[in-house]
Amino acid sequence: MNILVEILVCVLLLIGGFFVLVGSLGLCRLPDVYTRLHAPTKATTVGMGGILIASMVLMTYEQGYFSVHELLITLFLLITAPITAHMLAKTALHHENRALRRTRSQHLIASAREQQPPAAPDSPNHD
Amino acid sequence: MLNTTIFIVSGAVCIALVLNLWRLLRGPDLSDRILALDTMYINSIALILLYGMHMGTNLYFEAALLIAMLGFVSTVALCKYLLRGDIIE
Amino acid sequence: MNLFWIPLLPLLGTLMPLLTERFGRSACALMTAILPAVALFMVLYAAPQVFAGTTLQESFSWIPSLGLELSFRLDGLALLFCLLILGIGLLIILYARYYLSEQDSMSRFYAYLILFMTAMVGIVTANNLIQLWLFWELTSISSFLLISFWNHKSEARKGARMALTVTGAGGLALLAGLLLIAHIVGSYDLSVVLASGDTLREHSAYPVALVLVLLGAFTKSAQFPFHFWLPHAMAAPTPVSAYLHSATMVKAGIFLLARFYPVLSGTELWFLIVSLTGLATLLLGAYIALFKHDLKGLLAYSTVSHLGLITLLLGMDTQLAAVAAIFHIINHATFKASLFMAAGIIDHESGSRDMRKLNGLWKYMPYTATLAMVAAASMAGVPLLNGFLSKEMFFAETLHQVSLGSLSWMVPVLATLGGVFSVAYSTRFIHDVFFNGEPIDLPKTPHEPPRYMRIPVEILVALCLLLGIFPGYIIGGLLDSASSAVLAGNLPDYSLSIWHGFNLPLLMSVIAMMGGLMIYYNRRHLYQFQAQFPETDAKMAFESAIQWLVAAATRVHKFYENGSLQRYMWLLLLFALVLTAGPLMDLNTTAGLRPHLPIDGVEITAAVLLCLSALATVIWHRKRMIALLTLSVVGLIVSIAFARFSAPDLALTQLSVEVVTVILLMLALFFLPQKTPKESSPRRVVRDLAIAAMIGGVVGTINYAMMTRPLDSISDYFLANSKIGGGGTNVVNVILVDFRGFDTLGEITVLGIAALGIFKLIARMRLFMPAGDEHGRPWARDRHPMMLAVISQSLLPLALLVSVYIFLRGHNLPGGGFIAGLVTSVALVQQYVAHGVDWMKARLKLDYQWLIGSGVLIATLTGLGSWAFDRPFLTSWFDYFKLPWIGKFELASAMVFDLGVYLTVIGATLLILANLGKLTTNHRPTQPESE
Amino acid sequence: MSRSFWLPMPLHSLLLFVAWLLLNNSVEPGHLVLAAFLAWTIPLLCAPLKTDQPRVLKPLLAARYVLRVLGDIVTANIDVAILVLSPMRKLQPGFIAIPLDLKEDLPITVLASTISLTPGTVSAEVSEDQKWLYIHALHITDEQALIAEIKARYEAPLKEIFGC
Amino acid sequence: MEAVYAVCVGLLTFSGIFLCLRGRTFPVVMGLTMLSYAVNLFLFSSGRLKLDGAAILGTSYTYADPLPQALVLTAIVIGFAMTAFVVILAMRARADLGNDHVDGRLPPQPETKTRRKKDQA
Amino acid sequence: MIEHLPILPVLLPLLGALLLLLPPLSASLERQRIASLVVSALTLLAALTLMLHTRAEGIQLYVLGDWQPPFGIVLVSDLLSSLLVLLTSVLGLAALLYACAGEDRTGAYFHPLILFQLMGINGAFLTGDIFNLFVFFEVLLIASYALLIHGGGKQKTQASFHYVALNLVGSSLFLFALGMLYGTLGTLNIADMSTKVAKLSEAEAVLARAGGMLLLVVFGLKAAMLPLHFWLTRAYSSAAAPVAALFAIMTKVGIYSLYRVHTVVFGENAGPLANMIEPWIWPLAIMTVVAGSIGALASPNLRELTANLVIVSVGTLLISVALQNEKATAAGLYYLVHSTFISAALFLVAGLISEQRGKAGDRFVMSRKVRQPALLGVCFFVAAMTIAGIPPFSGFVGKLLMLQSAEQGSEMLWVWPTILISSLITIIALSRGGTTLFWRRSTDKSQSDPASPWQVAAVTLLLLAAPLMVIFGGPMTEYTDAAARQLHQLPASLDVLLPGGPS
């Protein structure tokens, strides 16, 4: 196998694997449900992206024709990940999950849950 | 080199899966658990792709694709359930 | 002459009353009598041949493998009984015409009566053991109908039930006995059996067969201790009693003893059982008869007693005793039938049967009284009447009795005692009813019955007299031939003269007469003596025995069938465990010789994840939502495992089914309580854990043992023929749509039916939705999150594209109609989730029922298509085509089949989910949980 | 017949056409024909289930937007990775309400998605009147700067792309 | 590998059966689902385990036994239909009987049906 | 067309059911009735032709998809299966006729579901492939689940959950068993399995034995063998009358499968596995009869009583399986046909009685008189006599054949008392029940309508079996003898069943 291709694939894979792991690590480490939302939705997009591109490259190389269908998975993930995060955030808000104490603007939680404009005294003024 | 890399990355994904399960079992809120499950879906896509690369075959692509599609539906439905109870209303 | 007609004519006669009822009562009675009369003439016509010693036989093949032939014989015994049955039967028809009231359904009565007559004729003419039993049982049934004729009366129902139960039980014993006899003899043919007495008596199973047959006979003939049903059968209309309990049904048992006399008697066992039973019955019946105030009750116990007498005679070790038995059968039939009819007349004309009220009827109905008195005298054994003759013979035979050894002297003594009682109750019958002062409180003023109602009694009483005075002329031939049939031709010398000189039997008769009169005279003392004993009503006792039985059965039944699924499930699993684990004990080594696959870290991790989440599901099963999540993990890992072990199709299917299942479970979770209460006792939990663990262990062991052994299977054929024969490279798919397409057709049918069933379940479901979630939080207000709706719309075309992709490649690569269908369904369900049912309903005009129907229909029609090419159902077709510019492509009938699968899946899934959604769309009641 | 009847979702059709070729890893004539067929029929089937959304008026700008977001995703992930791996006590999360200039569903969804995919932010909720977007940020240093950046970097181009 | 596989199948069977023995409908339904996983894995393995041998002709030298796979596919579909039915039936039982106990009545309540007593003839 | 005969009893109901789901038939109940009656009459015709054809020409093999056995699925019409298919078809027609009086109005999809049910049962009888048997089991089960809840009501729901849950576990066990059998024998064709089973190595034989034993559990559950019979009473007694009547055949599917699998595959020629279930089935059969008899005594209404009598008949049939000889199988077949017809008839009669007795239904309590005492009385009486084995109806023939098939002394010792005492108990229970139902009545007039001609026709159709099976007992037993011979002497038919030889 072409060493360059192999190196490329390996690097992509390692990047992907790293981010997958970090995402899941974040899921464990981060202190509250709102922060935990960040880790997997983001890290897995790049993590998955890395692995998918690696797969694309490798398959294309090995099979001798363009193997690009992995892009479709990427597409799906990119479209759906934010919605998943949004739905989960809605759920967390609905369940009135406690945010980390030092979280800023916690008063917005109530407004967000009720889907009302921000209405607390210390809300920043926008024109 | 490739095989070693795949092996290492698979290991990373496995650890990730275990961590996900830990979060799923630990909670504390149901939204945490659903988040963990969703992450598991995505990580298993990675696992399947890695396996496909290891075997040098395209046969498992559809499985990965379906997990991506169906995992989303499943997560959304679970969230909808927690929000509204009735998922199809 | 064809013997077949003798039972057949009465059988046809059963229909006669039903057909002629509309022509009036007399016509009905007349028409009813015709066919039995013809049968009687046929019997009489055959009589000379029988008297000459011929046994007429006739048989037709019926059910050979059962040993059942339609086979009839007419020997002396059968002839005698036929005459009794048909002759007295005709008299009863006449009698009943006047006895039955306007309210009683005459046709029904006659139909039952003639049916019974048929059954009796059938028994006595049967020449095949099974046929004999068949008619035997028919008498039980028809007598049940007759006894319960006035079924609005509780005692009629109970009496009938009791008779049926006792004689039914006896019938079953008889059946066993007959089968055993046939087994020993090797034939069901009565002629063969009658010729095999020695074989039978020497066989080790003879005692069993004997006891079983005797049980049948004794129950039917109301022998002690089965005598109790007979008096309660008196709830029947009197013609029935006159017929069944004098001449016919109870005599069936006697007939049986007589019939099998040549083969079963002659052993100690026979004599001991039969004579003692007879003796006991004789005494007991006679004694109890004394105390009955009911006319029919007295007659009933008297019947019991006389049946005991006949049985005793048959149980004696002399041939003359058998002759006496036959003679007494005739005599008892005549006097007892006339007595019952007389009692019926008295009842009919005075409105009562209570001897304490009936007094001095001589004044009101002298003619009837005379008849009754003659018959009663015959019953008592007064000289010049037939009863005297046979009783004399009986006394004589008791004197020759040796079977009880040194206690044999007791037999004549006790027989005389029986005679004493017999005279006493006969006297009572005469004196209490016709004399003894004036009647008390009778509902009607007694008077003579209609002219024709008396005729049967007159005929029978005349017979009593004639037989008593000219026995030889009247009955000689018949008795000879009947006796020789019973004795298998060894007819002893006997004389039927009235006068035998002064001898011991005469003395016994005299003692009986005197003693009887004395007892009757001093009856008050006896009544006082008897009054100390609590009266036991057999009917009540029997009913309460049955009630006890039912109550016990109910208790037992409730105990093991307590309506608990957990118990049933547990038993099912325990049973499976025991049956499956048993063979495993024989497995010496678990591991086989097949090389094991290597294992790597990924697999171990997956296994750990699988096990942990399965265990978590078990541990947290009471927190349903969490358990559902862990269950999803299990499903996910199972899918990955399928992918890992070279089954991509399985992985895809499992994944897509998984999602739909989770959605369904969530729907259920919404309507079911969110948590499971803790209600299993620790003991039950431990028990369940134990059985689950053992089954898990057994399954795991078997699985391991199986996987580690090589397999030689038929699969090579599929691998070899998939491409060339089925036109696809995805062997699994080709198996599904081609090699085993029939399975798949069944499978989608199951899916379709499930959807229809679910539709039915949902149709009238009334569920209250919880107002909030498990923590009582109200639901979120945002029904359809905007961003989700937007994205769902964009995803739908993409999902459809993917499902087309999966569908089209299925034949050659992982995929296929089922998975494609599920993907489409899930995509549509996603729309339902995002937009709601109403929104979808307005836009998606799909009738899911039609979709299911047409899906399966397409698959079926694809299969049927092969008929056009003279091929069996589901024979596939494929070919390769080449189009310019586009290139080579394949068309296969399997694709059309798969299309059917695809449509069915969509139809079924959406029929289920969309309808579930409809449950709560229109209103959202917020009643609190009603538990 | 109007164009919208025969080709109800042109952008989707294009997407489907490409997706089919992607799925099959092929540009053979047969697949091109099939792709075209599906790209035409599937939107026809889905049309009843579609609500009207503003169309993309500036495709080129849209493409540039996509590329920019992709780039941001990569950087965002590195940021998040560092945060996840560093001690948790340094973390300064917070909620932010962003006033929206976009009005229609699709552009708001795209914006929210973009925010979720990029640096340390997740769109949590949209207010009922669709004038406010609530986001949660993993690590906030300057709230106003973040709002300004989002509005400038993402919302403005989207307004232009969708022409609203 | 086989040993680990067998352990997993055994454990799934265990879990499924334990849940099937519970007293409320929902755990029973989950148990049936769990049991069907075990069954599918078991039936699948009756063709023996094989790595890298998907039965797609032309992709390998030796293939996994395709027949059990087809059988399991059928079993999955049928199991799905059955699960769906039993889920809805559980809901129906809740609706009709007012509780979600598998017997349709709550355990501590004494039996209220005294019908049988009256039936004594 | 004649070559497609074996599949018609499966295809006709299937096609009929599908057409009923589609316009124009789906629109009106009238059309559904006519169509389903026509289809089921056609099925009956096909079944009759198939039986006659099989009788004349020998075993008929239908090779689905033209894939030769043992590779593809085959339908096997032998004397046994074609007889049972005919039985099912008659039953189906009767159930439909009865339902046309209005029972089909009380819920959706009655007619298609009955046809699906017929398809499932016929398929189960005809298939020669063990996995296909599983599939048809599921078809008939799911249809029965749906039919069981027809008409709605608490009892039905309650009974169905038990029925469904137990059967789902049963289906899982079936699959476990299939795994074990395929994992050792490597084939699914029943005839082929029978050739393989004697050649197994010792360890494989152990696994196959475990599979075979598990199949006994599965079939026993279906057949309602003790201790797996608990679902039956409630399910059958709560089902709508025509549904219960059709269900009368369902337990027989389990018995049939025992004949088919445990007599053929694990029968006399199975080497180390020969007659492996015999030691188990003996006590179970007898205990089943006992349990059914106790239940019969304890039954508070006619439907439960009938359901318990079904259990008794199952026990009796299991005895015929336990006896394992040709004669017993022949007896069992006769008994099977008879008991199916009559218990079905009794369920229908119970339905009519319930309708006409007002609130009391078919419970054994005093109540108003039935509207048509003569008609129902005669029907009940005939059915009761038949089922209790009292001559002159078919019951006694069945009972006698069963008694006769116990040929050894020890067999007699077990079989005779069991059967005879259960007969007596049946007589007691039925006479108690019957006298109460018809004779213990208040003076109230019945306000119900008389039975419709449809219902009478259905009951008559079934009850006719009682005299006909006796009158034509000769040919009938000749047939069952031949069927049993064919079953027991399978090796003689192997070249027909496996034209290409075993795999």
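A, B, C, D, E and F label the chains in the order they appear, each numbered from 1.
We take it that contacts are C-beta pairs under 8 Å (C-beta built on N, C-alpha and C of every residue); 3 or more make two chains touch, one makes a residue touch a chain.
Please read these numbers as outputs of a predicted model, since none were measured by experiment.
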item: Those chains which touch chain F and also touch chain B; value: C, E
item: Identity of the chain that, by mean CA position, is farthest from chain B; value: C
item: Per-chain CA centroid nearest to the all-protein CA mean; value: F
item: Chain pair with the higher count of C-beta pairs in contact (C-E, E-F); value: C-E
item: Relative to chain F, chain with the most remote C-alpha centre; value: D
item: Mean-CA-position distance for chain F and chain C (Å); value: 16
item: Inter-chain centre distance, chain A versus chain E - centres from mean C-alpha coordinates, in Å; value: 35
item: Distance between the centres, which are taken as Cα means, of chain D and chain B, whole angstrom; value: 22
item: Approximate Å spacing (C-alpha centroids) for the pair chain C, chain D; value: 75
item: Junction residues of chain C, two or more chains touched; value: 550, 554, 563, 565, 569, 573, 644, 648, 667, 669, 699, 703, 706-707, 711, 713-715, 718, 739-740, 743, 747, 750, 753-754, 757, 761, 780, 782, 787-788, 791, 794-795, 798, 802, 813-814, 916
item: Where chain D touches two or more other chains at once, by residue number; value: 19, 23-24, 112-113, 123, 126, 128
item: Residues of chain E whose C-beta touches two or more other chains; value: 20, 25, 28, 38, 40, 42, 45-48, 52, 54, 56, 67, 71, 74, 78-79, 81-83, 85, 89-90, 92, 102-103, 116, 121
item: Full enumeration of touching chain pairs; value: A-B, A-C, A-D, B-C, B-E, C-D, C-E, C-F, E-F
item: Complex contact set, residues of chain E against chain F; value: 16, 20, 25, 28, 32, 35-36, 38-40, 42-43, 45-48, 67-68, 71, 74-75, 78-79, 81-83, 85-86, 89-90, 92-93, 96-97, 102-104, 115-116, 118-119, 121
item: Complex contact set, residues of chain E against chain B; value: 52, 54, 56, 59
item: Residues on chain C engaged by chain F in the complex (per definition of touch); value: 61-68, 130, 133-135, 137-138, 140-141, 144, 148, 151-152, 154, 157, 160-161, 164-165, 168-169, 172-173, 175-176, 179-180, 183, 205, 546, 549-550, 553-554, 556-558, 560-561, 563, 565, 567-569, 571-573, 575-576, 579-580, 582-584, 586-589, 592, 699, 702-703, 705-707, 709, 711-715, 717-718, 721, 725, 738-743, 746-747, 749-750, 753-754, 756-757, 759-761, 763-764, 849-850, 852-854, 856-857, 860, 864, 866-867, 871-876
item: Touching residues on chain C, where the partner in the complex is chain B; value: 601-602, 605-606, 608-609, 612-613, 616, 625-626, 629-630, 632-633, 636-637, 639-640, 643-644, 648, 651-652, 655-656, 658-659, 662-663, 666-667, 669-670, 769-770, 773, 779-780, 782-783, 788, 795, 799, 802, 806, 813-815, 819, 823, 826-827, 829-830, 832-834, 836-837, 913-914, 916-917, 920-921, 924
item: Interface residues, chain E side, partner chain C - complex; value: 1-15, 17-30, 33-34, 37-38, 40-42, 44-58, 63-67, 69-74, 76-85, 87-92, 94-95, 98-100, 102-103, 107, 116, 120-121
